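Once you've had a glance at the structure underneath, I'll fire off some questions.
In order of appearance the chains are A, B, C, D, E and F, and numbering begins at 1 in each one.
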């Protein structure tokens, strides 16, 4: 059995800030720098979702990319695109809106539906700017 | 005399919304779509500033890119990066925060300083997403 | 009145070949090289459509990008995406499927609808590979 | 001994369709969507081949990139560039022309020659569009 | 007659420095900054050459891209790739190795051969880094 | 405990050559090809540094990207940017200036400081051109 990894890219544009209510302005500024601007800032986020599996002898597919795209769009992009990560997103409530926290929550949301669609979620990459991105492999640590 | 065009790219990450106070929510939504989300969204903006002139026989430069970069950073990026275009930017006050309006205001701010530095501002490109950008040539219409 | 240029990117994936029925295989191969492969080859095409105009005082828009996107998708992408440029595209019938010919035909199709939507089509860029693209300005020759 | 991974990118432009002879048009359309267009469509494919090994004390190289490039070009690109994946490629005969199936076949072709050139093939990435790509690690599953 | 603009990208990797013999080290450093490092630095340069003309009714081409590529490679890339712009390039002798000076010299070299091949050179873009590039239109100033 | 991988990109422009003093010109040319040009050539290098760890409950960060950026800039970029890898870089003295050797040395320099800043260095990617890059995982071989 041969395992192939297939990746789908989707994107969303969102506002956020890195800010703790229980910290002074000075401490927020010291830790989060420009990202603590009270009136928000934003990004074009790119989301790469990787699913692994053996290609189906019937279709040649690990997973039908149309299905994968629908899962990501319906469950994630709909909730994040043109939204404020701090104010508009139920699954981030009470969490700091860092890309690290965001990628973990996205994993939790799409892991089961991708499994039901016949694939196995194995990696997410979330790109915030051309200079930084995060990756998450669930409980695995490949390196 | 040979005219060369030189371009410097800078970037900024900002939040904004497209929204008119004097319109109903429905009308805002109808015209501006997802961009009207009350709680803002945001982008990684790329700004390309083009200056033309004859290369100096002394330096080979149309304009020293360090000088051009300082002008753009001090006068534009400082005011826009990690800011809210609707709330934090004096030169956009009272204007709709569209890329079209933004690019015209940026031109007004940097045209004279670039002239004083010995160059001639001739084009700005402002990229909002990989799928849309605006360009402005001042009073010229090359095509 | 200030003229701003706004550009929307769309894309389509298509097959084509460069081939003349009235030429021998040898001549087709000599002129069109690998592009003459009888069984077709294909590309991910990127289409950049530029519209100019003064930003509306009401909306800040030269043209609503949603409207521009709908025009391009309905009139162009629908006809080209996942199609064979030589076999499936009525507006290319009887024409060599070069990017030069394609860009001229796309202009003819979208110029009037963009005008009716309140904008003025002024440039199209059609990217075939990372190493080649064509541009068309209608009857204008800016340089 | 320190293991470094080196990657070479090559590309090819090809036509294909996702289509099963033994299925009705309706079923092909339902499963493969636009990719089932009978008259083909195509892509600019990018192929990233990763080889690992210890840098040679003599050359500083894991593998000479000229050698790696020749292997990929002679054995893979020559057979795929400006070709029809369904009709022109012997090693895909009888297989669905999905990127999943294609990447497995490419591995089989270049694994041994890369080994003979002193490297160890450990990863292939095949990019079909900016929105989807597949990866293959042979029998390994790093995550 | 319809004029289409076609662009071919080629690239070269080269070393250079910005440095005047007749200036002190301090003045070189003050004017050229890090680019004045005596032991050179280097870039991956991208060269975009744009040719305009009416598509040939016989081939659909403004110019055969194979011919254009050969002209650029033989006359420009051969002389610049993996070279030192200050030491190895006869046509830059006695000139400051700025991108501005380089683009003017490249124009002089390829304008006539492109004309003989049936095209009209109308624009060159030379990209030095993702943050700066120069453009040259010969004697024209479109904007 | 959930492990997230965060990556920061920095860049530097440098000259180098692949050349052994103890080899004849012919042998250098035969092995290193154009890269052996005596007068150097150069590249825009991109450096991606990946750090893993559990996001801090206090900040949401694996590591503060400002800290990571300062480490990379102070310890690596300062030593490489606008430099000659063969002549100007103490930590490459006596080594062939291949990307393979360079990436291993960069690892040695930043591993401990990143650890002191609370992260764990787990991957470096060094991109030399759009067609080749190297990766290094320290003593690990994930695939």
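Keep this in mind: a contact is a pair of C-beta atoms (placed from the backbone, for glycine too) under 8 Å apart; a residue touches a chain by one contact, two chains touch by 3 or more.
Since the structure is predicted, the reported quantities are computational estimates derived from the model, not experimental observations.
Participant: Could you figure out which pair among D-F, B-C or E-F mirrors the A-B interface, over half of its contact pairs being identical by residue number?
Facilitator: E-F
Participant: Let me have the rounded angstrom distance from the C-alpha centre of subunit A over to the C-alpha centre of subunit C, please.
Facilitator: Going by mean C-alpha positions, subunit A sits 34 Å from subunit C.
Participant: Between subunit C and subunit F, what distance separates the C-alpha centroids? Give it in angstrom.
Facilitator: Computed value for the inter-centroid distance: 41 Å.
Participant: Taking each chain's centre as the mean position of its Cα atoms, how many Å separate subunit C from subunit D?
Facilitator: Distance between chain centres, rounded to whole Å: 29 Å.
Participant: Pull out every residue in subunit E that's touching 2 or more other chains.
Facilitator: Residue numbers touching two or more other chains: 130, 137, 142-143.
Participant: Taking chains as nodes and touches as edges, what kind of graph is this: line, ring, star, complete or other?
Facilitator: If you draw each chain as a dot and join those that touch, the picture is no line, ring, star or complete graph.
Participant: Dump the list of chain pairs that touch, please.
Facilitator: Per the contact definition above, the touching pairs are A-B, A-D, A-F, B-C, B-E, C-D, C-E, D-F, E-F.
Participant: Per the contact definition, I'd like the list of subunit D residues that touch subunit F in the complex.
Facilitator: Of all residues in subunit D, those touching subunit F are 2-10, 50, 52, 55, 59-62, 64-66, 122-123, 137, 140, 142-143.
Participant: Which residues of subunit B touch subunit C in the complex?
Facilitator: Contact set of subunit B toward subunit C: 18, 31-33, 95-101, 103-104, 130-137, 139, 141-143.
Participant: In the complex, go through subunit C and note every residue touching subunit D.
Facilitator: 11, 13-16, 34-35, 37, 39-44, 81-84, 87-88, 129-130
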